[in-house]
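Alright, structures below, take your time with them.
Each of the next two complexes has subunit A plus one other chain: subunit B in the first, subunit C in the second.
The block that comes next holds the complex of A and B.
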């Protein structure tokens, strides 16, 4: 068998990039697998039971919840994005489908997105320049779709100084540019 | 002498001296000065020229309402025209220039306009330049264009950056004067999230400009104390240098924060200005009031300003505008100026008071029932002529005059949602009316409460009422003691005197005579008055002149002022630079880019990219020695047809459609049938709009019983996804269908050409022989164990596949395919070659999918199944859309193989005149076919299916081209499809 195909990050590098500007760190994550999970019509109770059994949280709207193997955040009615460690769940859709059978529609999303984790003591100053999410009032575990510099993103608040952003993979460079410029303006 | 007009006191920092220039002359000022206050301190009253008559002008105000002192700031790329000297914060090294004058401010050649004023009355441009008509474009317009405009642009790129942001609060307080400070204090102490914004660089509003006391302290000191307390509250955000520019929907306000305008150069990485969108639950308008003048002859002389401004310069900036001062007022507030200046030792020559009643000022010559009929001093005030109550006139030598015609509450923000302000007879001014922005109330002078006490009380009350609505409670703390003088005003709008001009809107040179002319010519509606005279259309938007103008009109029509009404108030409240609105979206960052998985590889090869929506796609890949794009494209086409070519097609929209009703759902959104498609197969699908026109096309594969993968065009990827979501959520919510876009999740490449299979067989782990993987097969495969997808579909007419891997492996797959394809001379082709091959094959694309074409037009009429209902099926059967004489897709070849075709040309019969009645249709797409050795095209031709083999003309009257063409089948290449099934 030939050499396995090498992987490139969304920014076009072999390894993920971390940028620190002032107090803000922008950490590209390349180690998270992602899949969408949508409940098929009339199968909600079944899916919730199967999810509970698999240790996969299905949080309320606008929420993120962490689990032992899988974490998840709400994206639409009856639909979540499920996260897992890429090293153990490279084929995350392949891993989830057997758990839910035909009760849920599962689609691989890993490479549809670029993930940036943002770290600072307080990210309010950065995020108020990027997104209309009321970050200061959002509780930890808040998850929402938002628009950053014309780019549709998901924002998850893990804490005042810890945020995960998912943006479209093809616009990774544009999204990073917006984050960098804004970090400079508050540095 | 430096700063010869500087007095003691004021809120300036004399410990530091700032050096600046105006029109090349050096001056000194201090931190806390504006450009205007510093120039006045140095005895400079002349700061600008008016727009039309080029009249010499000095500042009228000490604030953002300034119409006269409009200057250019800074030099080089940072030069900014039309800025107000009265709000430009002084910094060391500031370079300012006057504008709208030549060769100098003191001697301006175009001041000749002033002599010719009888030709430049209101609406002159509607009446003049009419004859001869031919002169308009060549003579008049160029002259007018040269004369028009105030400042100049450097045409250099702005080197500064601009930021944007979003803020949230319970209470937005607009204005940091006594009302705003009291409101912020009440709400802040109650624990509410408060934003207090003020356009000034110091909170306090009029308290900074007055000698009034609050709670026994000088007003400015009280304000500073409140600001200190507010600053200590984590729930209060203080925003100085921040103008609320407009009220928008749902409690949203626009704000411009001038982050670095008070600095010579912004700090590295810092924006010059930030545009904030403030989401407020409640808002309090505490924007104060603006004084208005009284019009009299030559009332625009430099040195004549609003009475409140005169004392602001004295009290806040420690500047006397002149040695000998007079005041012209119709209200009690004007007397404050006289008192304050006299207390500071300035010679107050007289107070000309239009009111006949009331007490006289002690120690000042107070002329009751008097008015000013003229002013002298061309480049600066020297004298005023006063007509006393007994009719006697007297000329007084003065170098500064303060005029007060009353105060207009700043109702702008409360009227941005079209609420009409209402007239208050006591104040002789408009106050906010009903129906303003939801959640906004006014307080203080903005609400018509003109005393300091009234401001403090209403600020606190307004804030507590707002909090109450939000379920928050605050304490009614003791109101500090402050003056509570009632307003005493006698209406006086303009002085009737001789034939001279009395200015209402000084920047646009609108005079009382102009309003009279508008009335005479029946432009009496306030909106007509505005357009006809340009009243209020200058950069100050008539903040000082509008009410005066409509009061004059009211006097002429016999209507009351409220009957005359106001024009519509619109954002922005003060001028906003376009760069601020653009924010970070400029230059290369104007919009985000989308990069394909092969982008890195293509960059390494020196590819030429084309913008396709936000995508950057490879257009062609030049090889050494290729000097013209056609050489590269021809080579890519020929190499693909000869052996194998690879193209990144990731940009095509991919939508994952799952659910037990997925097949039935597709039957409804596509005009052809998909529920019967076998698992492991794909099919070309055509999607119609409700009106029966073609919406989009693409192939859809059935991956298993309940999962389909749809492909859309690149252009319509988002639109189709949105359409499907609409269908799923709104039209057929009962269906079990789940959708998600996977466009970016998979890197997808087209591999086309006779050797496509042989190349892929070297990489794919499964059997993909024609028997195992026939034409239109689709399925999951592996490449060295890595999951991948393979579709046997062709856009080029060749034996072709589309192969997809998770996007992160796209770059590696492309390199691997090129390595494996070396023995087949595999190449990568771009969108140009893709276009050539699809035209050769007769496939429709964007130019044919133009939103006005039917399946029948495209030769795909039989695809519209009538055995089932689908979107657009019924309306596609309309008679007009099935006209046998209607447009049909045809191929076009020039008779002379060396001739060129022009896209967009129209078909005409041989010998037919090029008139619309003879129009046969048009040529939609044109390429050079290296395979056929000539240009070829597709086109829509009336009854085109019956005209195959005919000879016609392709005529383009715009490009002035005409080519004789043969109408042929659109399938130029391999019409039987033998190659793609090979």
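The block that comes next holds the complex of A and C.
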């Protein structure tokens, strides 16, 4: 009998990895579903009304906002990434499409990215070595694309000691290596 | 060099990729405009010492195309606009 198939994490393991180096914890997240939502031409008012009805926030540029079942961060004009709990929204694109019909383009993103949550008392020392984001001056809820060791990532600041990073899944190990090396250098 | 992105505010020029003369937005219709117009579009560029309108792509940011008006002598950036706004203002529909 065939072995049942098990999903692997972006790092190729059965379970997500957590690394603690000095004061910094790097937590791989495997439990968040991700999709992109882009407003189709001329449909902005409609999409905003439907999103409000569904409790899906559509934050301002360079911002993240949390909602009851969906959270979202801005990635480009008229475009957001939407997060949801993987256990209830494994098929997140399938859950979003009926909400918006043909007013928005929804694309599954879950398996294109690796997500690392960073935790420390203050992450400034780590992030100022890795990215050009002015982390100390960014407000909580700041979300931006940035470059970490030549890898294009999305960085979301939830607090001075709490950050979410999304990097390309195919570079998951390289991104983790960059984070680990930098964490060691300040440990 | 800092580019003052119209949506995101001041951003390091390292985040951007330079394409060239903003006249590239005005591509002639290859089927009707004739070979001369297309040749000029493809190969002929002004190279002014002074104010120049350029296309920049925010690759490591929000992936928007910008029209940056820059003085090529002093490197002063005079104006930054979203390329789609520039195209729309010129009567383009896409």
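Going forward, the second predicted complex is superposed on the first by the 183 of 187 C-alpha atoms of A that agree within 3 Å, B and C clash if a C-alpha of one lies under 4 Å from a C-alpha of the other, contacts with A are read in each partner's own complex, and residues count from 1 in each chain.
In the analysis below, a contact is a pair of C-beta atoms (placed from the backbone, for glycine too) under 8 Å apart; a residue touches a chain by one contact, two chains touch by 3 or more.
If you're wondering where the values come from, they're calculated on a predicted model, not measured in any experiment.
Of the two partner chains placed by the overlay, subunit B and subunit C both lie in contact with A:132.
In the superposed model, A:124 makes contact with neither subunit B nor subunit C. Ranked by how many residues of subunit A each touches, subunit B and subunit C are led by B.
Contacts of A:91 after superposition on the shared chain: subunit B is touched, whereas subunit C is not. With both structures placed on the common chain, the touch criterion links A:162 to neither subunit B nor subunit C. In the superposition on chain A, contact of A:62 is made with subunit C only, not with subunit B. By the touch criterion stated above, A:147 is placed in contact with subunit C alone, subunit B being left untouched. Shared contact residues of subunit A with subunit B and subunit C: 132.
By the touch criterion given at the top, residues 1-10, 12, 30, 36, 38, 40-42, 79, 91, 94, 102, 105, 107-113, 128-134, 136-137, 149-151, 168-175, 177-178, 181-182, 184-185, 187 of subunit A touch subunit B in their complex. Against subunit C, in their complex, subunit A makes its touches with residues 61-62, 74-77, 132, 144-147, 152.
Within the complex formed with subunit A, the subunit B residues making contact are 161, 163-168, 268-271, 274, 277, 279, 584-585, 589, 591-597, 599-600, 614-615, 656, 658-661, 706-707, 734-736, 738, 740-747, 763, 783-787, 805-813, 816.
The part of subunit C that touches subunit A in the complex is made up of residues 7-8, 12, 14-15, 59-64, 82, 84.
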